[in-house]
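Should a chain be cited, it is by its letter among A, B, C and D, assigned in written order, with residues numbered from 1 in that chain.
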Amino acid sequence: MTSLAESGKKKIEWVKKHMKVLNYLKNLYQTEKPFEGVNVAISIHLEAKTAYLGIVMHELGANVAITGSNPLSTQEDVVEALKEYGLNVHAERTLDESVYWKNIDKILETNPNIILDDGADLGITLIEKHPEKVKNLWGICEETTTGVKRYKSLFKENKLPVPVILINDSYMKYLFDNRYGTGQSTWDGIMRSTNLSVSGKVVVVAGYGWCGKGVAMRAKGLGANVIITEVDPIKANEAIMDGFRVMKMDEAVKYGDFFVTVTGDIDVITKRHFLEMKDGAILSNAGHFDVEVKVKDLEEIAVDKINVRNGVEEYKLPNGKSVFLLGQGRLVNLVNGDGHPAEIMDLSFSLQLEGAKYIKENHQNMKVNLSPVPYEIDEKIAQINLKTLGIEIDTLSKEQQVYLNSWK
Amino acid sequence: MTSLAESGKKKIEWVKKHMKVLNYLKNLYQTEKPFEGVNVAISIHLEAKTAYLGIVMHELGANVAITGSNPLSTQEDVVEALKEYGLNVHAERTLDESVYWKNIDKILETNPNIILDDGADLGITLIEKHPEKVKNLWGICEETTTGVKRYKSLFKENKLPVPVILINDSYMKYLFDNRYGTGQSTWDGIMRSTNLSVSGKVVVVAGYGWCGKGVAMRAKGLGANVIITEVDPIKANEAIMDGFRVMKMDEAVKYGDFFVTVTGDIDVITKRHFLEMKDGAILSNAGHFDVEVKVKDLEEIAVDKINVRNGVEEYKLPNGKSVFLLGQGRLVNLVNGDGHPAEIMDLSFSLQLEGAKYIKENHQNMKVNLSPVPYEIDEKIAQINLKTLGIEIDTLSKEQQVYLNSWK
Amino acid sequence: MTSLAESGKKKIEWVKKHMKVLNYLKNLYQTEKPFEGVNVAISIHLEAKTAYLGIVMHELGANVAITGSNPLSTQEDVVEALKEYGLNVHAERTLDESVYWKNIDKILETNPNIILDDGADLGITLIEKHPEKVKNLWGICEETTTGVKRYKSLFKENKLPVPVILINDSYMKYLFDNRYGTGQSTWDGIMRSTNLSVSGKVVVVAGYGWCGKGVAMRAKGLGANVIITEVDPIKANEAIMDGFRVMKMDEAVKYGDFFVTVTGDIDVITKRHFLEMKDGAILSNAGHFDVEVKVKDLEEIAVDKINVRNGVEEYKLPNGKSVFLLGQGRLVNLVNGDGHPAEIMDLSFSLQLEGAKYIKENHQNMKVNLSPVPYEIDEKIAQINLKTLGIEIDTLSKEQQVYLNSWK
Amino acid sequence: MTSLAESGKKKIEWVKKHMKVLNYLKNLYQTEKPFEGVNVAISIHLEAKTAYLGIVMHELGANVAITGSNPLSTQEDVVEALKEYGLNVHAERTLDESVYWKNIDKILETNPNIILDDGADLGITLIEKHPEKVKNLWGICEETTTGVKRYKSLFKENKLPVPVILINDSYMKYLFDNRYGTGQSTWDGIMRSTNLSVSGKVVVVAGYGWCGKGVAMRAKGLGANVIITEVDPIKANEAIMDGFRVMKMDEAVKYGDFFVTVTGDIDVITKRHFLEMKDGAILSNAGHFDVEVKVKDLEEIAVDKINVRNGVEEYKLPNGKSVFLLGQGRLVNLVNGDGHPAEIMDLSFSLQLEGAKYIKENHQNMKVNLSPVPYEIDEKIAQINLKTLGIEIDTLSKEQQVYLNSWK
């Protein structure tokens, strides 16, 4: 084995130890092999945890073809290791976007029955560019808020040909992955990239959805003073009641030491904002695409750009100040770190596995629609996780059940 | 004016200053008088904030008949003041439940078109005991988790004759009232009743719904070490990720210094639990009915019962230990305190007003069904609240809107 | 027994159950009766916990004379109860300051050997007004930051005739009473007085000493956004690193919804500040004297003053706005509440008892000086408290001790 | 310049941007050059921030000789860069301890007048092994709790020949570096080494001094459930009041997912503990020496040892379980990370600079003693830091000053 493959294998072995729900499911379905003969295509950030999902699917019988969902989050040692495990993998860490799309196409050559998607690139490419492959496709599981949004738009335009299970909208996903996963991994990425104090700093978090709530909660837990920007008045009220300041970005730019965008939208921080920032402001993005901090604007107005640390670019502005951009404005937790903690991805990927199993068993009766995993699957994953933690909870007595269902 | 009425009026004047959304709506509808000639019956814990809702409805034209929703949460000075304001009020603070039901009946004599309910006693009594009055009834607004549950059961049995707007399930209600309202007012009630330290104590919170989350969050914020009990595995996982210990009540009883039940169910703490508790454990309930801590069991096994402070009963147990019950096991924030903060009830009651207005304007086209307020109303209340706080937030540009609706 | 005395006795019985260290010491010294024949004079806020300290001292042999340390924090039912217990008590809840000083004088008529003081009024009055009584006085125990400051000034001017044990500067006092005690009881007092939400509010805390840290920590724990004002640059830096905004009071007045002063100094909020405040700002003080919020200025500029709730005065300002003052600017936790939690005062008062015992046993060899209790007493109280909580901690092995004392 | 030196220079340039107090002092003393001709020897963890301290001392005239204070925390690129800056540097990242001591000796060949020490190795080696060099030595500044302890032991044995300024015991050091620095950098190191969730985990922190407080506070802020072990009953009580569980290590080992030792003592986690741990427990140390987790015991009982990730060793135990040791039991924040944030070391190193300046100016009149920096220096650093942050605070009026100094 090459040393690159060995390094990747080590990483995979590590996460395997900590993805206990996935291991539980693997054991549960070991003899059944529910994915025997099923073509499963995966496009999720290709680091060790995703790799292990691929391996488990493979061990449960699937013909797995796998690539990343972002050209910069792919870890090359993990790719090499996956080849050793016998998976059909096409992925490269690259700045050349065309390579990314070429790999997507290669994956689609396998004529997938089920797609496990993250951001919707794989599924939408199949639907748009390879309509002839739709007939083999039973359904899609989508991991992220952004992908959900895209599939919903497609659906509204009557262009969605197969059912989509919204992993992202399932309880055991968004309550955990978006909040605790993004919360921790974003700050892990920022801290290791900068070696700067979070404590005592003003942190501006754009977006107070589940991801933004996680990022803000951890910033507070690390000693920061947090400002929230929002466009949704209900979420803005929540942020206020959680003790944060809420204001427009036009105002917040004056105060922020760190900025984290998590809106799922474009143009959150743009030209007019950069010039109002404090000298030394640190910019980062934890949303799916690199469009929240408008990097193009930054490139345009900067008089100089210097790589000052791994994953940290200094942009010298015409007003004499500098701002620092982390991970080129891409997902800071994946580009400048290792992504979400293993135990969190364990929950999300166990939902992916169960979602895929549900599609395989029910696709003939499923309507073309978008919905989270059935509630029973959410509960099942929750219960298995408690079991792996050795935690027992109360159960309802018959009297308690009756009472809950009574209006008397 | 009697001094009792004066005291009540003072209380009402105080909350009026702090219920700014309600005041905003009152001004907005002042000339329109949308409730002119409408019979509105209210059964909500009768303290100053509820009184002010009644007064505003009255000022906007409604014929208001008002009572409490729990015989022990009624404040007598507020009742007297309401009479001065010219409202039709029937309510007494009493331990005699029959008086409570007699008042409910008196309210129903007014043949309400709209009911603003809290716990569903008023609406269900009308439907069950006075079916002849159903024809005048356009719809019901229900305030609480418990009431929602009861109306849903009624609906399942096909016994619901009119639409119910689930105020409780509206964003600007459950995200705020249940969490921040219950969170603060529960601890306000416990602290002022006991003058004991929360810091350094083990607090057991039964139930990790929105109310339980609020109670646990504030216990942690006050320095307690919190244990959660749950029957729902998803919520149990959330509690773990929030840093709390999760275990069965059978185990938790050994550690708790304070117990707070917020499950909406019966028999959460019963005979077998009391005897396992530490000497001096403090028991309280923040759920709607006084059935969560099973007081009957406590009365049965206790060898003595002594009132040791306002709202605090000591039960001497046969094992030589004592436990202390707050507010007789009824809603501790209302019985041992003044209920939720004024600004929080402002949001909930503004939804009640808007819900009533929606029923008045749409009842002829509404299906018999249960649903939160239309999202536009939630957003409206959120926006008005930001306005009263002087806080401005971002708005989406056209490009941002297009992006959000695109799958490309 | 009068019903007033009964009410007081009930309160004392309640705190007795929760002052376990004091009970432990009472049992420990029951036969020894270390204060037999010793005249002990106490001037501490006269509510149930102080009363119980007096009773324990009395049971351990002391001739106790007791009064309050602030005319408005005295609870009359407790005074009546103390008479029943046979203590020599002179205290009245009054706005007439002369009554307060008359009671101080009556206490001094007993020719105390030991003074347990809170704010230094009793000790300084003896020294200044009754110099002939100094010869009987062995020493003083002082409870508060403010009293410590005053005795230190006296010492600097060479006017201190006896040693003072600085209870306040002892670890088991200031780390607990000032921080967790003031933190909780201040917010208990504010919440029960106002029934307003702390969550979502801007809270300005003036002073970031141990008391201010406690008040700020709990405000944050209750969901507020906290601003700190300070004059000490080191404490200001601490506040920043704890995630708070720090600014001048001139600036902070524009943002605050609640103000709490805890500086130990005068004129923290004055005329020029009131007029810059938001309409409806709530003012309170948690420092020893009613000089931090300059009430005189408020009285001077106000065009009207109305009592709007128990312990809440509305001041209508000439600019058309109102501000609300809690507890007349006196200690809000004592005037509008029951003071610190019982378990916290248990620690402070156990130090008072041990301090008094130390003076009794060592006064002949003590230098006229000011110092905390000897470290052994601090450790003893800490250990007894752990014991009453049933908590065991590690002990150093011989090897560990050797290592700690080695430079190798 | 070699690419290694370039990498080091980049790191130094980065921290230079964020060490604003040090830059302020450098500018302030630029013309004075207070260290002209002074031999300054530095032994502090040799990464970028220490390097920058060395460079500033050099620019202010000192003849700087510099090495690390732990053979594994030295960063080789930084060493190479320092050579380019013209400093006399002797340091290697190595597992061979003899190399470390050889470098210490080389530094001492420069006959230092002032030593800036971290852990006391440099100063004690001079005193013990090179007594002839004592005559040139004016004084020592010591950075850490551990070094302070060692110098105090030396002093007690009358072996200390020169004054020691206890940087560690200065306010602007221990309140910030020990608490916020260790708090953040420890978790940064653990998170990036493991990619595991802190949220939802049981974290055992051994020691609740300032460092332990920081580690525990951040663990809580990251969503962990924290258990504290202590030998000091006062600190144990603090931990309880902060909401943590406190117990003996013998008990805590059963619950912990992560362990962090910060006691400054030996044998905190030993043979009998490892075997009681949960399978997969993660062990780390944030105390100065690698003696807190007894690695020797672990090596002895383990049946296998595997490097599973950078800085993570798996020890397979005879009971079939595994535990994972981070950074070989050495300072996890420095060995598995980049050490404290730059802004925090800025404060500590500014104190070092000022301490050295104080020694240079006063050594002829200083007694052989141990003390923090004079209070004025602490205040000066605090004020400069506020200035660099653009934060203004209140100042005392004359009346306020008089009041604070009065007993009336």
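In this text, contacts are C-beta pairs under 8 Å (C-beta built on N, C-alpha and C of every residue); 3 or more make two chains touch, one makes a residue touch a chain.
In UniProt terms the chains read A, B, C, D = Adenosylhomocysteinase.
All values reported here derive from a predicted model rather than from experimental measurement.
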{"item": "Chain D (Adenosylhomocysteinase) and chain A (Adenosylhomocysteinase) - chains in contact with each", "value": "B, C"}
{"item": "Pair joined by the larger number of C-beta contacts - C-D, A-C", "value": "C-D"}
{"item": "Centre distance in Å when chain A (Adenosylhomocysteinase) and chain C (Adenosylhomocysteinase) are each reduced to the mean of their C-alpha atoms", "value": "52"}
{"item": "Chain centre separation in whole Å, for chain D (Adenosylhomocysteinase) relative to chain C (Adenosylhomocysteinase) (CA means)", "value": "37"}
{"item": "Contacts with two or more other chains, residues of chain D (Adenosylhomocysteinase) listed in rising order", "value": "180, 197, 199-200, 220, 223, 240-241"}
{"item": "Chain A (Adenosylhomocysteinase) contact footprint on chain C (Adenosylhomocysteinase) (complex, rising order)", "value": "197, 199-200, 220, 223-225, 240-245"}
{"item": "Of all residues in chain C (Adenosylhomocysteinase), those that touch chain D (Adenosylhomocysteinase) in their complex", "value": "120, 124, 149-154, 156-157, 159, 171-172, 175-176, 179-180, 229-231, 233-234, 236-238, 240-241, 246-249, 264-267, 291, 378-379, 382-383, 385-386, 389, 391-397, 399-400, 403-408"}
{"item": "Residues of chain C (Adenosylhomocysteinase) defined as touching chain B (Adenosylhomocysteinase) within the complex", "value": "10-11, 13-15, 17-18, 180-181, 183-184, 188, 191-192, 195-200, 218, 220-223, 280, 308-309, 312, 337-339, 341-344"}
